[in-house]
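What follows is a set of structures for review.
In the two complexes below, chain A is the common chain; its partner is chain B in one and chain C in the other.
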Partner chain A sequence: MELTTILFYLFALVTVGAAAVMVFSKNIVHSAFALMFSLIGVAALYVLLYADFLAAAQLLVYVGGILILILFGVMLTSQGLTVDYKSTTVNLLPAALLSITAAALLIFAFTTTKWIVSTPVDRDETVYDLGMLLMGDYILAFIVVGVLLLITIIGAILMSTRLITQTGKTD
Partner chain B sequence: MEYSIMEWLSDPGLVHFLIVSAMLFSLGLMAVLSQRNVIMVLMGVELILNSANINFIAFSRFTELSLDGHMIALFVIIIAAAEAAVALAIVLNVYNRFKTINLDEISTMKG
Partner chain C sequence: MAEILGNITISLVHVAIPLTIILLFALVAIWGERKIAGFIQDRLGPYRVGGWHGWAQSIADLLKLLQKEDIIPKDANRFLFKFAPFMMFTASFAAFAVIPFSSAYIGSMINIGVFYLLAVTSILTLSVIMAGWASNNKWSLLGGMRGAAQLISYEVPTIASVLMVIVVSGSLNLMTVTEMQSGNDVLGFLPNWFIFQNPFLIIGFVIFFISILAESHRVPFDLPESESELVAGYQTEYSGMRWAMFMLAEYADMLLLSLLGATLFFGGWNSPFGDFMAGPVWGFFWFMLKGLLLVFVMMWIRWTLPRYRVDHLMHICWNVLIPLAFVNLVLVALWEVIF
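After this line comes the complex of A and B, so read on.
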């Protein structure tokens, strides 16, 4: 067994296992922390796929940003620990059936297709090439995404300030 | 298939990563369909986006789609960040108005 094989199985197990804990956990805070382990496992899989910059971006944006946002959402909308699992989980059997069917179909399609696999190029780093692409072929998408992020910030600020003035007025 | 199954298991290639992403996708689908807490549904959407990203990067390593897959995955991460920010702002507004974040009880659109 090579080291990369062992690492692949380790991180795949961490990713899928933590995702399963996230979905089936009764406590939403436990779910958020399980999601953190799942995202870290995905970042490790990126490293195994020679995508160093994307692994760093995953750690910074998902684990450092989105997860903190979700934890704040949990804390600001907390209804105490009185809400039980049964009332927040519906359609358990049809949902399980549908997702197991989806997984089986996807895995069947992935394993039976003859992929045209090229021999992987061993790269040292992707940052230089990604930067060249970002400033070359993808410059329009880059600028559009920048504008999108600006609109997002303005929209989020607008919504949360409206929240404050409304509560000030009604309550 | 000429290889033995052990040989196939001991050499992780494209299909192994695709299977991991299929499992992540189905778990995210399970969260979106069965949970009635808005934040749990959002976490399920994040899982689905991550599984798509694993697919893009696995294809960009093992097939001809070289660095273009990395670029698409990068844009997916950026848009996921924007989506999470706006969705959390909407959830806080909804919680302020309805005093609940159970999706089944949020049933009116105006007033």
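After this line comes the complex of A and C, so read on.
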């Protein structure tokens, strides 16, 4: 057994275990912090696939950005902290049916697909290759995503300034 | 099996080298901080323990902290409360892997170097929120929220100012960045450090330094733990070794960001005299000297300037530093294209 294999199973366990805690936890802040472990586990799995740039981006965007936004959302929601947030189970039967169907489909797809196993190549110049691809073959997608993000930012600024003028605050 | 053990041993050595440096630095820096504070305020600072200028004060403090009771508030979230200080230290410690301590030693030669550093240190924000929330204390929570808001905001000018250097160097690997700054060719005698190569990088360095002051929450930007308003912010409920872990993490973060500044702007392990006093061992000496000088300036500022108000802090970041950083980024790139 190689070290990478051991590490793979370790991080896979962390990812899946934390995801389970996230889903089954009754406390919403616990779920958010469990999500952090899950995301870090996924980043470690990317490293094992020689996708180092992707792993760092995963950490920076999801752990350092989106997860903190989630926590802020939870904490800034009125009484999100003082009131004990108890999650309850609703729609038990439809949800169970849906999950069983999804699980069956996934297992079916997993067992019937012919998986091509190949050893990942150790790449040195991941950033260079990514940059060349983004500026070459995928330039259109890259620009479209950039414009989309710009529209989102302008929209967010517009919404927040409108809120301030409505409430009459000047700052 | 022997191969796995060998790999693990090598990894442990790579873990031990920066750890030793951080621990020694923390001992010296805490003593140094108190001496500097003393001299700036026209008093002597610690003077008794160990004889010469109280040099053993930090060791005595460490032994005291080790013996203290580990108090966990009754309504605190036990797991997250215990976990937060360690996560905070891990976040800044993990980033030392890509710092080139000398021409002969760097923890990992990964291609994405500085990007990895910025990504890993973003976990710091989460550990501040985690400590603040898990303590079940209003001061802690307010400190945690402030800390998170501050760290997230100042990440933008930090990354923008790092990007200015990356535009000039064209590499994310800090070893390559340092190697590009060897030699003394600027104006005939100045070293080839990036801060001398491109005039706009001087503005870049000012932005970078202000941002790292905020990133390592030092005065004048120590809002997360401002003792006159929030008792001790997110650290309020912590005691004994867990509190010491927070202090260690803070000093590790200071050292990390200062060393990053030394690498990006001041030539890393390069000697200021060209080939004179160069080599792996001298390289380590110069690198630590540059880093410690930046740490000294941070301490100097801490004991000189008063604290900013929380809305002023955000104003500086979003209305001053970020626009300035992006304009400067374009100017740096233009200078590189033209000259």
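One rule holds for everything that comes next: the second predicted complex is superposed on the first by the 137 of 171 C-alpha atoms of A that agree within 3 Å, B and C clash if a C-alpha of one lies under 4 Å from a C-alpha of the other, contacts with A are read in each partner's own complex, and residues count from 1 in each chain.
One rule holds for everything that comes next: a contact is a pair of C-beta atoms (placed from the backbone, for glycine too) under 8 Å apart; a residue touches a chain by one contact, two chains touch by 3 or more.
Treat the numbers as computed from the prediction; the structure is a model and nothing was measured.
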(request) Figure out whether A:Phe53 sits in contact with chain B (first) or chain C (second), or with both, or with neither. (result) both
(message) Looking at A:Ala44 after the superposition, I want to know if it touches chain B, chain C, both of them or none. Which is it: first, second, both, neither?
(response) neither
(request) Give one of first, second, both or neither to describe whether A:Leu98 is in contact with chain B, with chain C, with both, or with none. (result) first
(message) Quick check for you: in the superposed arrangement, does A:Ile68 touch first (chain B), second (chain C), both or neither?
(response) second
(request) Using the touch criterion from the header, give the chain among chain B and chain C with more contacted residues in chain A. (result) B
(request) For A:Leu148, decide between first (touching chain B), second (touching chain C), both and neither. (result) first
(request) Jot down the residues of chain A that show up as touching in both complexes, chain B in one and chain C in the other. (result) 1-2, 53, 57, 65, 72, 126
(request) Please give the residue numbers of chain B that touch chain A in the complex, ascending. (result) 10-20, 22-31, 33-37, 39-40, 42-44, 46-47, 50, 53-54, 57-58, 60-64, 66-68, 70-71, 73-75, 77-82, 84-86, 88-93, 95-96, 100-102, 104
(message) Please output the residues of chain A touching chain C within their complex, sorted ascending.
(response) 1-3, 6, 29-30, 33, 36, 40, 52-53, 56-57, 59-60, 63-65, 67-68, 71-72, 75, 81, 124-127, 171
(request) Would you pull the chain C residues touching chain A in the complex into a rising list? (result) 3-4, 7-8, 77, 80, 110-112, 115-116, 118-120, 122-123, 125-126, 129-130, 133, 141, 145, 148, 152, 155, 172, 311
(request) Going by the contact rule at the top, pick out the chain A residues touching chain B in the complex. (result) 1-2, 4-5, 8-9, 12, 15-16, 19-20, 22-23, 28, 31-32, 35, 38-39, 42, 45-46, 48-51, 53-54, 57-58, 61-62, 65-66, 69-70, 72-74, 76-77, 79, 83, 87-92, 94-96, 98-100, 102-103, 106-107, 110-111, 115-118, 120-121, 126, 129-130, 133-134, 138, 141, 145, 148-149, 152-153, 155-156, 159-160, 162-163, 166-167
